[in-house]
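What follows is a short report on a single structure.
Naming follows writing order (A, B, C and D), and every chain is counted from residue 1.
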Amino acid sequence: MKKLINDPARAVDEELAGMVAAHGDLIRVIEPNVVVRADAPRPGKVGVISGGGSGHEPMHGGFVGMGMLDAACPGAVFTSPVPEQMLAATRAVDGGVGVLHIVKNYTGDVMNFDLAAELAQAEGIEVTSVVIADDVAVQDSLYTAGRRGVGATVLAEKIVGAAAESGADLETVAGLCRKVQDNARSMGMALTSCTVPAAGKPTFEIGDDEMEIGIGIHGEPGRRRVKLASADEITEMLVTPILDEGIFGRGDQVLAFVNGMGGTPLLELYIVYRKVDEILRGRGISISRNLVGSYITSLEMAGCSVTLLKLDDELTRLWDAPVHTPALRWGV
Amino acid sequence: MKKLINDPARAVDEELAGMVAAHGDLIRVIEPNVVVRADAPRPGKVGVISGGGSGHEPMHGGFVGMGMLDAACPGAVFTSPVPEQMLAATRAVDGGVGVLHIVKNYTGDVMNFDLAAELAQAEGIEVTSVVIADDVAVQDSLYTAGRRGVGATVLAEKIVGAAAESGADLETVAGLCRKVQDNARSMGMALTSCTVPAAGKPTFEIGDDEMEIGIGIHGEPGRRRVKLASADEITEMLVTPILDEGIFGRGDQVLAFVNGMGGTPLLELYIVYRKVDEILRGRGISISRNLVGSYITSLEMAGCSVTLLKLDDELTRLWDAPVHTPALRWGV
Amino acid sequence: MVIPTDRLAAFVELFAQRLHEAREELTQLDSAIGDADHGINMDRGFSAVNGELAGLRDGAAGALFKKVGMTLISTVGGASGPLYGTFFLRLGTALGDSTEVTPEQLVAALRAGLDGVVARGKAELGDKTMVDAMTPAVVALEEGVGGDLAAALDAAAVAAAEGRDRVTPLVARKGRASYLGERAAGHQDPGATSTTLLFEALRDALRAS
Amino acid sequence: MVIPTDRLAAFVELFAQRLHEAREELTQLDSAIGDADHGINMDRGFSAVNGELAGLRDGAAGALFKKVGMTLISTVGGASGPLYGTFFLRLGTALGDSTEVTPEQLVAALRAGLDGVVARGKAELGDKTMVDAMTPAVVALEEGVGGDLAAALDAAAVAAAEGRDRVTPLVARKGRASYLGERAAGHQDPGATSTTLLFEALRDALRAS
């Protein structure tokens, strides 16, 4: 295992220490491992928190700050955080008008957030949870764990954070989060596996001429393993199932998010973006906003994901609103 | 070779097409492969251009925009661009008051920029070139190619771009670029090699328990190959030779830039930043500004570099000035 | 015949030890159809539990298991944290203040634990989760507890292993493995494997009594 | 005896072909002590040159070589672009408008090319660059051009190879290899290798005349 770490058991703690050292103007870290916006709690403002396993950086800690998250709860690498963290985060950001929990749809995340929400409500803090499940690689069903929460989470955190910053109430903020969830879909692929520090070896083996289509963000294998293909072919494999969902149509304006999995250089992401743009033009869909970079990752995995979000004036305005976090910043 | 590309020979062209599709509000691309600020030329403003081989993204194309570069010339992967590109860039950004060429100190870059400067001057455009050579891994000497230009290039482009934006004249802008060069030093390391698309296989072989210390940004081997070490030990190996240069002293304020080589996740970069901060505190040096992320890369190489820049009020003010490019943005 | 709290503590310690020994294997199983952390998660949780046992050995059975449940919930994370945490919390609630419990009480408590896991995770038999090992084990205990305890505990451990293996050929409908669709078929479920270790530890710890 | 322009064009084409065949080898050498692109760079440049030769074969020798130099400068990049570009530009300037050149004129032009490379790159003998192959080759031609041309061309090719090999044990003082310090010692220089191919191509192309 080749990593710039000291001890797998201390990696997340040391990462947070580094983040605070670098971004002390934006964030602070409280026990037990919660990244909190430096000026939280803000009385009268709805608190917005999220969390999940570590190894997806900059998500979620890198999105804590003005106009986005009020707190993030990082678990061990690829392991959802514990209820104590979400409880501490909820307390720390409660401005008296309620707290939104943005939860990615993984059994562990959902159960741990649920436990925390119960405890916070028992303390009299109003909590609403919205679950993000945008990964079209997973066939949805009432009888399964359902779809994974992936790229749409980043977009939801930005948009919802802007609404909360502007003073929207909990019901409005939660409604916007569901709106993003309903209008966003994602699909990802991997060229390589990644290595969980505590595990010490790659999560899966893969041949030099193979790739995984339909992966999540935890180094897990995807829906199918196929022969390596060109960037254009791969982009087709990612965009087609998203469009097949039938929520993006001719004349629509979308936000296109081309995300790197951690080990893929920007050079390649722009080649993919170029093809996404070409495919959507062909369908009469225009990209009015975009995000290209590694924002929701699987450690050092090489690969990418594409997320499309249908935009209207409200979502566009909230996306454009000022944001100032370690990983996303504009308008300020 | 596992990459999200279609054809090695077209990779850079397709990357640029993707960049324009994503950032058409900031940049445009003109023949022969020059990334130009959308609103260039700006009459009365000193033009600032740079360039070099591709594979270092976001440098340089990602730094074209308000408050930074007016144009960037991307060569083939790891191959310096040709004079025609710098000539076209110089013409495109000439606002009548001269153009600064920021050149990284590599034989090829220097010679190609020199040829372009001669041609531009022959056309009556005033050109000043400043060579960046900040890599302490290379022992400097009159009789060698001298030190490589690495991390300080990013800082110089930001600071010099801010000065040009504020209306400074060519002599002032060039002087600031030399000031950054004189006050910045860098050192890098690699855990893995990288693969030049047209070459198809890794530039060097390296064992699972080895790393390269003192690398550049072209996938070339470093000064020495040593056994793998902890993040803290590696950080010591990078920071110590920088401090040994004797230009950073107790009481100084510095900008600390922890850069990823392309395949290293942010989680690890923050662990390194934490140690950089600790070492500098121990020496009585305080970090008043920082940059953590992958900004000057070697394709998908895993590894990192550390750059320190001694700050004064002037450099700090210019660093803080608004910038709006695809890869760096604040204050706007 | 009754079981004093220190025996129940011995079961917890033995389970912790078996999990530590199986750390790699459980993580391996999880990398095939999950995210390569089940062994790491369980080992992290139960080494924390080990640090908490002092002082609880001679107290109430309920206090012991509640502490185990709370510790797991606050240290494991993932899916297994809340699930095993709930399991032990329910055990604790069921056993209350008594410092020694009858086999019947213990079996009833285990049933309460199983119900808690199902309530929290909504998994059904055949979904390919820990529930597929836990359910037959509890049923075996309920059937055998009237007779020889050692035999009943042995039957439970065997039933857990059989339940674990029965779902190996199936695709998963809960947990991360469900994302793999057909690709999960043929792989042994990590959680069902750790649950089997639980009932084996119970058998081996109580047999001595 | 004189050499018509089409023979000189044949030399350029042969050099282009040899570079194409050696593309992998040159890139391999460059990955050991550089950045793994010398073969790619030279092949890119000379395939562009091939596309430009039509129409220049029966014109002035100067026009031919100037075109080659300009094309290299605008397509190769890196260090070798300006260096080989300058080399051919100087050849062109030296040979001017004549449509056939004497061996003495050609050798003088090659000397001018070498001087151009040294002026541009500031490399000295022993710095481990293309200059270490080019210098002895030009000297050998200057000494032998009075006698049998084929023999002189052969001596030049051999001298280039010897110069290339002489600096293999040395550390580099110019180019990327200089960054490696001691680690460059023992590795063959890519540029000296392509320069050797140049003089071999010259020998083989003109021998036929």
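By our rule, a residue touches a chain if its C-beta (ideal position, glycine included) is under 8 Å from a C-beta of that chain, and two chains touch if they have at least 3 such contacts.
The shown structure was predicted, so the numbers you read here are calculated from the model rather than taken from an experiment.
The minimum number of touch steps linking chain A to chain D comes to 2. Distance between chain B and chain D, defined via averaged C-alpha coordinates, is recorded as 32 Å. Averaging Cα coordinates per chain places chain A and chain B 29 Å apart.
Rounded to whole angstrom, the centroid-to-centroid distance between chain B and chain C, based on C-alpha atoms, equals 55 Å. Residues of chain D in contact with two or more other chains: none.
Multi-chain contact residues, meaning those touching two or more other chains, do not occur anywhere in chain A.
The touch graph of these protein chains is an open line.
Which chains touch which is summed up as A-B, A-C, B-D.
Looking at the complex, you find that chain D touches chain B at residues 27, 31-37, 40-41, 44, 73-83, 120-121, 124, 173-176, 178-181, 183.
Chain B meets chain A in the complex at residues 2-7, 11-12, 14-19, 21-22, 54-55, 57-58, 62, 191-192, 208, 211, 228, 230-232, 234, 262-274, 277, 287, 290, 292, 294, 297, 299-300, 302, 304, 327, 329-332. Put simply, chain A touches chain C in their complex at residues 53, 75-84, 106-108, 111-112, 114-115, 137-139, 141, 143-145, 148, 196, 198-199, 203-204, 216, 218-221, 223-224.
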